[in-house]
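Labels run A, B, C, D and E following the written order; every chain starts at residue 1.
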Amino acid sequence: MNDLNFPILSALIFLPVAGAALLLLISRSNESLIKWISLIVSTAAFIISIPLFTEFNKSTHLMQFTEKHSWIPSLNINYSLGIDGISILFVLLSTLITILCVLISWNSIKAKVKEFYISILIMEGAMLGVFCALDFMLFYLFWEAMLIPMYLLIGVWGGSNRIYAAVKFFLYTLAGSVLMLVGIIVLYYQSGRTLDILELTAKTYPYPLQLWLFWAFFAAFAVKVPMFPLHTWLPDAHTEAPTAGSVILAAVLIKMGAYGFIRFSLPLFPEASRAMTPVMLALSVIAIIYGAVICLAQTDLKRLIAYSSVSHMGFVTLGIFALNLQGMEGGILQMINHGIVTGALFLSVGMIYDRTHTRQISDYGGVASVMPVYAAMFMVFTLASIGLPATNGFIGEFLIILGGFRANQWAGVLAATGVIIGAGYMLWLYQRVFFMETKPKVAGLADINLREIITLLPMIILIFWIGVYPNVFLGFMHESVKHLLERVNSGGAHEASIAKNILEIIK
Amino acid sequence: MPFVMPDLGPVMPEIVMTCLALLILLADLVIKRKETIAFLSIASAAIVTYLLAGSAGITFKGMFIADNYSLFFKLIFMLNVILTVLISVKYIAIEKVNFGEYYSLILFSTLGMMLMASAGDLIVLYLGLELMALSAYVLAGFLRHDIKSNEAAIKYFLLGSFASAFLLYGISMIYGLTGTTDIYKIGEEVNRLIGESKISTSSPIHPFTHSPLLLSIVMFAAAFSFKIAAVPFHMWAPDVYEGAPTSVTAFMSVGPKAAGFAVLGRVFLTAFGAARIEWTGILIPIAALTMAVGNIVAISQTNIKRMLAYSSIAHAGYMLLGIIAGTSEGMASVLNYMLIYAFMNIGAFAVVIMLRSEGFKGDNISDYEGLAKTHPLAAALMLVFMFSLTGIPPTAGFMGKFYLFMSAVSAGYVWLAVTAVIFSAISAYFYLRIVMYMYMKEPKAEVQLSASPGIALALAITVIAVLIIGVLPSKVISVARIAAAGF
Amino acid sequence: MLPELFFGYYASAIVIFSLLVVTRSNPVHSIMWMLLLFFHIAGLYLFLNAEFIAAIQVIVYAGAILVLFLFVVLLLNLREELKVKKFIGSWPAGLFIAAALLVIILSVVKSFVPGPAGKYSIEFIKQETHTKALGTLLYTDYLFPFEIASLVLLVAIIGAIVLAKRKKGN
Amino acid sequence: MNNYLLIPFLPLAAFLINILFGRKYLKENSHWVSILAVAGSWIVTVITLLDVLSGKIINEDLYSWIVSGEFKASVGFLIDQLTVVMLIVVTTCSALIHIYSIGYMRGDKGYYRFFAYLSLFTFCMLMLVMANNFLQLYFGWEGVGLCSYFLIGYYFDKKSASDAGKKAFIVNRFGDFGFGLGIIMIFLTFGTAYYAPVFSQAKNFAAQTVNFLGYDVHLMTLIALLLFCGSIGKSAQMPLHVWLPDAMEGPTPVSALIHAATMVTAGVFLVARCSPIFSLSETALTVVALTGAITALFAATIALVQKDIKRIIAYSTISQLGYMFLAAGVGAYGAGVFHLYTHSFFKALLFLCAGSVMHAMSGELDIQKMGGLKKYMPITYWTMLFASLSIAGMPGFAGFFSKDEILWLAYSGQSPVGKFVWVIGALVAFLTAFYSFRLIFLTFHGKFRGTHEQEHHLHESPKTMTVPLILLCIGAVASGWVGIPHLLGGGAHFMEFLKPVLGHSEANATHTEEWMVMAISTIAGFSGIGLAALFYLVKTDIPVRLAQKFNTVYKTLWNKYYVDELYSFIIVRPAIWTAKNILIGITDARIIEAVVNGVPKGLGEFSRILRKVQTGLVQRYAAIMALGLLIIVAYMLWR
Amino acid sequence: MVPLNWYLILSAAVFMIGVFGFLTRRNIIIIFMSVELMLNAVNISLVAFSHYLQDMRGQILVIFIITVAAAEAAIGFAIIIALFRNKDTVHVDEMDEMKG
């Protein structure tokens, strides 16, 4: 139902794309005009997304602000958009993050400014598309469309080893999501030629098919999350991407994988998901501890934060596959928190990188005495990252450990150790960069100016807002998550012999 | 019996095409400015396209079938002609082979394709094929002074005649078995033959062992695989694509391949329809091999024309999926993919042609370094085509592939679709290398672009088509489904 | 018994001559053997009472195409051709493939059953004379392919001129 | 308006004002903001004390913090007897230390930052104490941990200070790990995280066992021990005590406030607050008692040989905290809290005196380089002397009443380890007296052993520092009087006051034994002081000879039983080693990267091989075509 | 009466000799001749079929095959002459400008 009778979601998706088109027309030379237009467009997108926040009716799990037009009638594929409790927060996060990216790369991007802002705006359109799509085809279209701008962002404006990182990122994600494409097609025929997510979730599928499709979807989503064995693209992509690139990558792109699990893998394949939870929990716990411990030995600033997001996303997947209310809500909230916190961390690293042009931690030292305001803000982000109460990190992590512990005690306990190691590497990082005597390389740095403060301010507000009064955000998800869990925990009876059915499927 | 003149309505486009081609041949003697000849040939293509609309029906006692199926292919051929002529106007001037015969040969080759598309009889099919092939051999060797072009022509000629010899052997075998060369009658006859042999071999599902029929099917498969450059009959494609003038390569990468698929579809689905299990058994390994070789060997290419050759081999592999599906949906997906393939392929070649300027060959991949900095628009166009060839969503390439894989999965070939999907992921590697060279490397030499109104128009058509079909494919898919309704 | 004998002669002659054509080092000798081959093939056609085809074979094939071969061979004055080895390095592979294909086709041909008979019985042709029958069919039912054949020849001419004719300038 | 809200939110407001406007506007006079706030809280605390005395218990929620399904946690306040006692302790010490810090921190660069952190600490401690549910307790818990990290690492340009801060926070995190799991177990068993319902229903879960990580464990014991993990971390008990001695890197007022009076006592407060749970499980209580006793003994022995004045007092704090846990372990929660109450006064006083000594000696900490400061700093000397007397348990002083109460209840209580623990307690009392007075004699008596230039600067601290010393001295002495036991005619008002919350342990032993226990502890105290006088005033060579003779013992004590080295060897270094070598070296680099880079390289290699097939010879192409045809036909015919 | 199969055997033999010649000879002219041989083999089988099937279609196809063969020969030699002018070799295995 769409009580706003104004196609708000389509406007939200295609405004940035239109902005990008507008940028095409502007000549390459007056860069300031390009920058201002992209800022105006991204803020406009944010303003449009605010009514979503206020008009959202929290008492129902049904999709809201829905739109449905036929797209390829002959194949019964239609252009349908809609958001519910789970996806609304991501839409807001994406619009907010894009503004910050435009602000952060105000004067750090010198070459090919026009293409840069076009990629950012198209990126935003694709991101929003992924979160609002209700038709599998549309979802897959936005899912893959987002690869191109990200590939260019890393490849063209990246660091020294950017080409390797960009190609690795592209092939990693493509290989995974291409298997999902076949999964979608098989699903299309199994469910009687429809791709509408709501219709698909209503049907039940034979268990062996669910298993195959679960693993096909796992290939696509696990690469994006990134879950343990498939994560090696993340550190390279992060270290080589420009600041805006790694912020978008950390804040929103990674969330799509986990969002995919929640929106598609769980409701579509309830038995398979239930059967696979032990594997998933194990992978998540490994990711948490593996990511945290490896951070202890990192020498590159961005690489350390990248591995920390591997650890944080391990928490998220733990929460999701705990398959209980606390775990799931904790997982979703932790995705938002991680987006804010790691996004902010990358923004601040970008600011310091613009000044010192080095990412080696050993080059830094005693920055607090030189840039006190910057140090204070970075401290807030560090605390949120290690999940200190009153910051958003704690709410997410506590609910996840609670949910994880309920699902599987070992998973809960081992995940809780991740919190300790997390405090270890983050504080050690903060100490090596900010405390101790000031290194010559850092001596004469100017503290962050007004623009940079404005970039970080919304993040700090959100951190404390979610930390102190999370009900505003948790309130969105209650109904949707309850509905989802009913579907996952009750969905369909469990067939007996697996081997026989799999053969029948393949022949 | 008195000679009654067969109804020439359905064949009118071909007749008009012949006359116009001859007209252009003559006009070439009179007019010195070759651009007008180019313009004339585009006009004639336009006239023929207009005539196509009205021409539906069967004449010459079943030898010439102008149904929706052939109509769709003829549209692709016309599109191919128009775009090729547009991009070759300035190109052949640069290559200093600016003769009028070039355009008439292109028209004759297209005429051959049109005949193949609507051939109802094996004899007409063979003659159409030879007409197309002969003009293609000459076009391939058009750069008389360039050794590579000669070598391309001789290779194409020898292997072409070798393959058509096999085709003839197949035709003679089928003629011997069924006593007729009309495709539909052969279909009925083959049906009867299989019926008999199935009774004799007791088990119905086990494929029959009527070896002469099998042999002729294999002969046909070999000849058509040669035309669409499917493995193991693909060896000619890379050398010929590299040697031939780029505009001819563009023409050859779309025209003959589409004609090959038209004939493959017609013969295999109607004539050998009853023996479907057998020839799918043949085509599945061929398709898998084609995708494998096409994508893998393309990775280590340094010459862009050779890389695009292997990429077109790979695309032939993808399209075979639709034929293997065997359903009308499968055929529709092939038609749809063929049209999209035409746009993106010619677009890519157009950019390659733009890079060819006085004294700068521009067909090595390393020549593309830093193109985004020197010519951002050209680089952006190439980016769109590369992503479309890989099959990344917002572009038409993805829609084509998606519909192809859908028809393959609906026919139960899930594992074939998975291999196809994995290979298209591998293909991302070498398509991306081009984008990487253009955007992520500093320009070496100062590259001069030889842009002309013709190429600009062709690029505009192709890039708009690729993007529009990418976003709104429903129109093309429904037309393709109507066209393939017959099977 | 006579027809078998007659066929035996022709078949063996054809096979031997084609082998000679393919294996002679001097192209001119090959062409001569080819000429003999064509005559024997024409004879075979007569045996199969396809007189017109036999005539075409002799006139077009032997007369025109072979002559063209001869011109080109002489044009390219391949003197040194005799001394150079005539087979490519990996010729046994070629032999093996050809032989294998032959074996397979022979095994297939054994169980060959021809399709239904058409209406042009041998007596009808004798009575109608082969050329007349062929002509009527060619210009009524098969008029369309005939026209295409003419186009094929036209394209051949254009192609030959475009590629081979020496341009005024260079 | 329920004015108790002001108690925590005044310091919070002070913190925000200082941190936001401190650097530019307030600079030197930013201390006024904090002091006014803490004084305000003190006044409101007194008012609430009067309310509680008149029987008004408050337990209400401000707003619901986390709501997720049936899990509900809110920011809520519970004001009962225990809370009020803690409030008094926290606000009084905090106020006095604020005033003391004006003098101590004068002229420091980050002046505003120091007071901001102090106010933030006070806010967190108050939230911890006043919580009515476990989540807000956890919030306060981690909040004070954070402030101790800030304040220990206050001089952040010193590597040792920032290391100490980081160490404190991480060790606390180890404790909070267990504490968090405890809270989760509580929620999973009781279905709620609020104190009231949890403590009331605790009884009917008494006999239940639960499967925890595969082992069947008594439920209450499990929860109690998990909560106890938190208190070990926070109150620096064995094995998580390593951070407290290093925390002396922070400024002295910080040590006084956080590492003496308030934060470290949070562990005891937690055990006291959750007494209903602890008392349900025998094993948990014995564990608490033993840990307390062992830690007390362990810390006291180390304190004997320390040279740094602040380190000695730090180890004495650990030892005294051991006492409080010993009390709680034997069921005498009231006595534990009473000792906490008195200890916070004289320990804060000891630290502040040490601070003023350090101030006078321009930063010198080694007591061997001091001596004879009596005549230069009379007020500091006398206040420190009273504090030492009180800690040594001299009759009449606060320490005597609270320590004696603990030893008596240990001896007489029915806890199985009661007697054994009492013996250790008495021994520790002797050691405490000994090292306290070793400190007094070495610093104030004898001749000056420092450099001439230091001697020249010796002066008494300014009034802003001495006034708090005097006030605290009064507290150190008088605070015990409120809990004089029945034996000595007092009304034991303190224990009576806390009875409704903590219940009371009946002592089944005769009066004579009570006198005997009191006598033993007094004698232990006097002999400790006498021995110290003998060693350090009369025959100063004995300690040196003893040190040589028992050199190994001396060295282990000096190196704090090598615990720090042990931890870094077991935990820190292997973690970093695995990260560097195994994770980066092997898994990431070889296994995953090998696959990830291997596949494209393999494809590239295969592609180069395939390219060679394309030799450019027409006849090879034709041969491959024919071969392909051959294979297909063969496959078709003989399938 | 000579059975049909004999003709087929003969045509198969000649066809395979043509294939052999095509695959092994170095001189392009001889390769051309091998192609002509293959086409003649097909012609033989077609005429045989049309004789035994009593149907004229085969012979009509033979006529068209001959015309196409003529056209092919013309174009083939044109290409050879063009090639000869640039590289004056007639041996196929020397034409490997393009490989890989």
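Heads up, the rule we're going with is that contacts are C-beta pairs under 8 Å (C-beta built on N, C-alpha and C of every residue); 3 or more make two chains touch, one makes a residue touch a chain.
Everything numeric in this text was worked out from a predicted model, so none of it was measured.
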In contact with chain A and chain C alike are the chains B, D
Steps needed, at minimum, to get from chain A to chain D via touching chains?
1
From the C-alpha centres, identify the chain that is farthest from chain C.
D
Can you identify the chain nearest the overall CA centroid, using each chain's own CA centroid?
A
Looking at CA centres, what chain is most distant from chain B?
D
Most contact pairs found between chains C-E
Chain centres from averaged Cα atoms put chain A and chain B apart, in whole Å, by 43
Measure off the straight-line distance from the CA centroid of chain B to the CA centroid of chain D, and report it in whole Å.
79
With centres defined as the mean C-alpha position, give me the chain C-chain D separation in Å.
105
Here the gap between chain B and chain E, centre to centre from mean Cα coordinates and rounded to Å, is 26
Would you mind listing the residues of chain E that make contact with two or more other chains?
4, 8, 15, 18-19, 22-24, 49, 53, 55, 57, 60, 64, 68, 71-72, 75, 78-80, 82, 92-93, 95, 97-100
Which residues does chain B have that touch at least 2 chains other than itself?
123, 127, 130, 134, 137-138, 141, 144-145, 153-155, 158, 162, 176, 179-180, 211, 214-215, 238-239, 301, 429
Give me the residues of chain D that touch two or more other chains.
600, 611, 614, 616-620, 622-623, 626-627, 629, 633, 637
Going by the touch definition at the top, which pairs of chains touch each other?
A-B, A-D, B-C, B-D, B-E, C-D, C-E, D-E
Can you tell me which positions in chain A touch chain B when the two form their complex?
28, 70-75, 112, 115, 137, 140-145, 147-148, 151-152, 155-156, 162-163, 166-167, 170-171, 174-175, 178-179, 181-182, 185-186, 188-189, 505-507
Chain E to chain D touching residues, read off their complex:
19, 22-24, 92-93, 95-100
In the complex, the residues of chain B that touch chain E are 123, 126-127, 130, 134, 137-138, 141, 144-148, 150-155, 157-158, 161-162, 165, 168-169, 171-172, 175-176, 179-181, 238-239, 242-243, 301, 306
Residue numbers on chain B that touch chain C, as the complex places them:
3, 6, 11, 18, 25, 60-61, 63-64, 99, 101, 104-105, 108, 111, 115, 121, 123-124, 127-128, 130-131, 134-135, 137-138, 141-142, 144-145, 153, 176-180, 189, 211-212, 214-215
Spell out the part of chain D that touches chain B in their complex, as residue ranges.
600, 603-604, 606-608, 610-611, 614, 616, 618, 620-622, 624-625, 627-629, 632-633, 636-637, 639
